[in-house]
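You will see two complexes here that share chain A, one where it goes with chain B and one where it goes with chain C.
Up next is the complex of A and B:
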């Protein structure tokens, strides 16, 4: 089954002075896919992701996200994506429902829809008792689950997750990935970076960036076969051992 | 624009939930309005006097008593000689020396001229010169009284009658209070928006905002409006204190002041936003804001008249928005000027407000 293409990247490059952070990368991501975007620290994944989200202007190359050109239509791109950054990004001096209401409002949802959808969400997360709790009082795992729920609250076509499970305990990580699967099933494309290789195994396809290039791109099974190893961890170690950029 | 409602809701809730900011918005005006007018006075009081009385007569004693009775002088000591008095000046025990010559009384009675020598320590220039001029006034007064007492025909005297318009008693407070209100608005409405945005940058929430489709104008408006409202509250509090504590009400209309304030707060907040757009850290933003606040305070004519500055500085002050607002405040409070009298100043403020806020929107980059 050929999926509809929602992200199309063509020779995308970003230079900072003489340093080429992202060096002419190309790939496509299909609708509803869970796309793992892997790489060592400093390989250029966050830079590439920031370009796709319309936070950073590419030096050269083209990309379309949700059918809009990131160079010229970045505001339309922003209407169609959700984003959860490495740095925790909800307002910690607002409470749970206020954060949901704020971001949903920004994306243009109606106040009544926000209220009903908030009730459904909190019920599903088993979070109703924390409705009026300030974000800063919540444990990290809960914050991350909430941040993800907020990022997909307005039904974006694509959600970008930048190391969403960093510092989260294994049980919560597991729940987090269940939420990701559920979102993917509802048709939201997931674009996720991670340093956990067990999570890489959960992805439909994985790209591994080394020194600004994409060194490998395929499904986890194909990659393992290609490198004749048993785990994604070994695939990663194999590719990254040749990297020139240090930490 | 529908999103503006949600953003304003967020800003106001965050502000009210801050443990410190709402209290500061009340404490600042109280502190500045209750304490500063008393300490920023240019009146010179408590000048330490050292009087060398070489005459030891009843007339010289009378003069000494008269000086001691005034508010302006403290009679420290009566040293034996002029050199002894100079030593006191060197030790900082006296600011002004007055030497009464021998035969002072005798000369007065006989109607011949007599001289009193006044020497002032001019290390603190204004204290020295004001001190000796006050003293001169007292001695003149004394002279007149003497002539009245002695039945001798008073010498023809030229009476100089000075009438101070607008601030009859030259009360420095009346001059300073309106300007202090401006200082408050500069501090609160300039500093807080700058810190607010930089804080969002440091926490990472700014990036989350930049990845949403909020328009730049909406975002900037949501940051401006709360401080605009806060500025009005602070200003109103100041009016109440000025009236309640100092009995000071504007000669002109409050509407004129509020109209000017509406523009001025926009300028200050927009200015704070520009700085925050260019600052990556709180430290950087604070440092830059404080630099400008100092320039605003010292070059806007708040403490020293712009007309006494060198020509180039007076030119620079034409580009300092607080200058216009301070002038409007003083004119309305003291002279009762109205909009028509000051339309040029309003125009200047309006121009600044437009330019500053356009720059604020343009310098806010959602993408780098």
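Up next is the complex of A and C:
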């Protein structure tokens, strides 16, 4: 099945002074795909992701996200994506409802739509009783689930998740991935970075970055076959052991 | 437009829900005004005087009475000989000794011995006491000396009672707006960077300008509340006669508040942590305001390099203009220079801050 392309990256490069963080990478991601973006710390994956989100401007190369050029149409790109940062991305001192309303408002949703959709969401998450609870009073797992829900609340074409499950217990991580699958089924493309190799197995395709290059890009099964190993962990170890950059 | 209103609302929530900060923001100006107005005072009171006089003549008695009647002085005792002055001062019993000559009735010779370990206090004490003596002699010699004798007549304009609170209120205003606007804005912007929410905002379609204006508006409102509090306190509690135009005083203050907000934004673009923002504002803004703005120490007395440096400190111009408006009651035409300098600085800072902020995206 050939999917419609929603992210197209072509020789993308980002330099900071003499340091090349991202070195001429190219790949494509299809609609509704769960695309794992892996790499050791300092391999350049966060930089690449920030460029795709319009947070950073590439030194050279092109990329289109949701059909818009990231260099010239960053406004439209931003309208069509959701973003969940590595650090926690909701406001601690606002309650659940206020956070949802704020972020939905930012993406231009109508007040009435926000209200009805919030009811549906809170019901689905079993969160109705926490509607007026301040975020800081929630456990981390709940926060992350909520942050993800908020990131896809406005129905973006693509959602970028930067290490979304850091510090979350295995059971919650499992639930989190169920939410990711559900979003992907509804047609939202998932672009996710992670350090957990079991999560890499959940992705449709995985790209592994080493020293600013993409060292491997394929489905987890193909990668395991290619390197003749049993787990993604071994694939990753194999590739990263040749890396020159440390943390 | 709806997201922008939602943003301002969010900023107000941040401030209102942080009860401690909120309390500091609203109560600090009141406390500062009261402390500087009442507790801290550069006026010198309770000066202990000892009298050294070998014989108790009528004139000596009259002078001592005059001194005792003065609210600044209290006569704590008499010493028989000047040799005991040193001990009286060392034991902290006396600040000044007034030594009358044995033949005071004939030669009217008197010596002031002052503890000058604090030169500022000593000078003030000397002036007070000489004043009393001078008044006494002038009175006494009336009719004896020819009427065209030389003398200086002193009148203190604008602050006839030499109240130090008159001097401090403009200074406190200069300090508080910098603290609240610059420090709080920079801390609140940097907090979002630190927590990671700024990244999410920048990845969203919100315009960066909206983000920062939404940040500034609540602090602007709080500063205006503070301005009103300070002016009311100054008028009703410290009884400073607001002789100048209230309209121009408020206009001037609002310009200064905007300037401080722009400074806060500028700081937030340079630093990356809340602690750095806090220290940056404290050291980079509060100290210069305290030391170089003329709030505490007269600019004219500073070494030339510091005088030159004080020109770039906005508080200097603001405080000078507030003094002119509020205390001297001058018309606005007398503060046009300060007004334009502040306006120019504000524009300059806003442009630089916005440029810097955009560069970081």
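The rule is short, and it goes like this: the second predicted complex is superposed on the first by the 247 of 247 C-alpha atoms of A that agree within 3 Å, B and C clash if a C-alpha of one lies under 4 Å from a C-alpha of the other, contacts with A are read in each partner's own complex, and residues count from 1 in each chain.
The rule is short, and it goes like this: contacts are C-beta pairs under 8 Å (C-beta built on N, C-alpha and C of every residue); 3 or more make two chains touch, one makes a residue touch a chain.
Quick caveat, the model's predicted, so the values are computed rather than measured.
S.K.: Tell me the contact category for A:107 with respect to chain B and chain C: first, second, both or neither.
M.R.: Once the two structures are laid over each other on A, A:107 reaches both partners.
S.K.: First (chain B), second (chain C), both or neither: which does A:24 touch?
M.R.: neither
S.K.: Looking at the overlay, what does A:85 touch: chain B (first), chain C (second), both, or neither?
M.R.: Once the two structures are laid over each other on A, A:85 reaches both partners.
S.K.: Touching chain B and also chain C: which chain A residues?
M.R.: Common interface on chain A, chain B vs chain C: 53-55, 75, 78-79, 81, 83, 85, 87-94, 98, 101-103, 105-108.
S.K.: Residue numbers of chain A touching chain B in their complex, please.
M.R.: Where chain A meets chain B, its residues are 53-57, 74-76, 78-79, 81, 83, 85, 87-94, 98, 101-103, 105-108.
S.K.: Spell out the part of chain A that touches chain C in their complex, as residue ranges.
M.R.: Interface residues on chain A, with respect to chain C: 53-55, 75, 78-79, 81, 83-94, 98, 101-103, 105-108, 111, 134, 160.
S.K.: Quick one: which bits of chain C touch chain A in the complex? Just the residue numbers, please.
M.R.: On the chain C side, the touching residues are 2-3, 6-7, 10, 13-14, 17-18, 195-197, 199-206, 361.
S.K.: Quick check on the complex: what are the chain B residues that touch chain A?
M.R.: Counting only chain B, the residues touching chain A are 2-3, 5-7, 9-10, 13-14, 17-18, 203-205, 207-214, 366-368.
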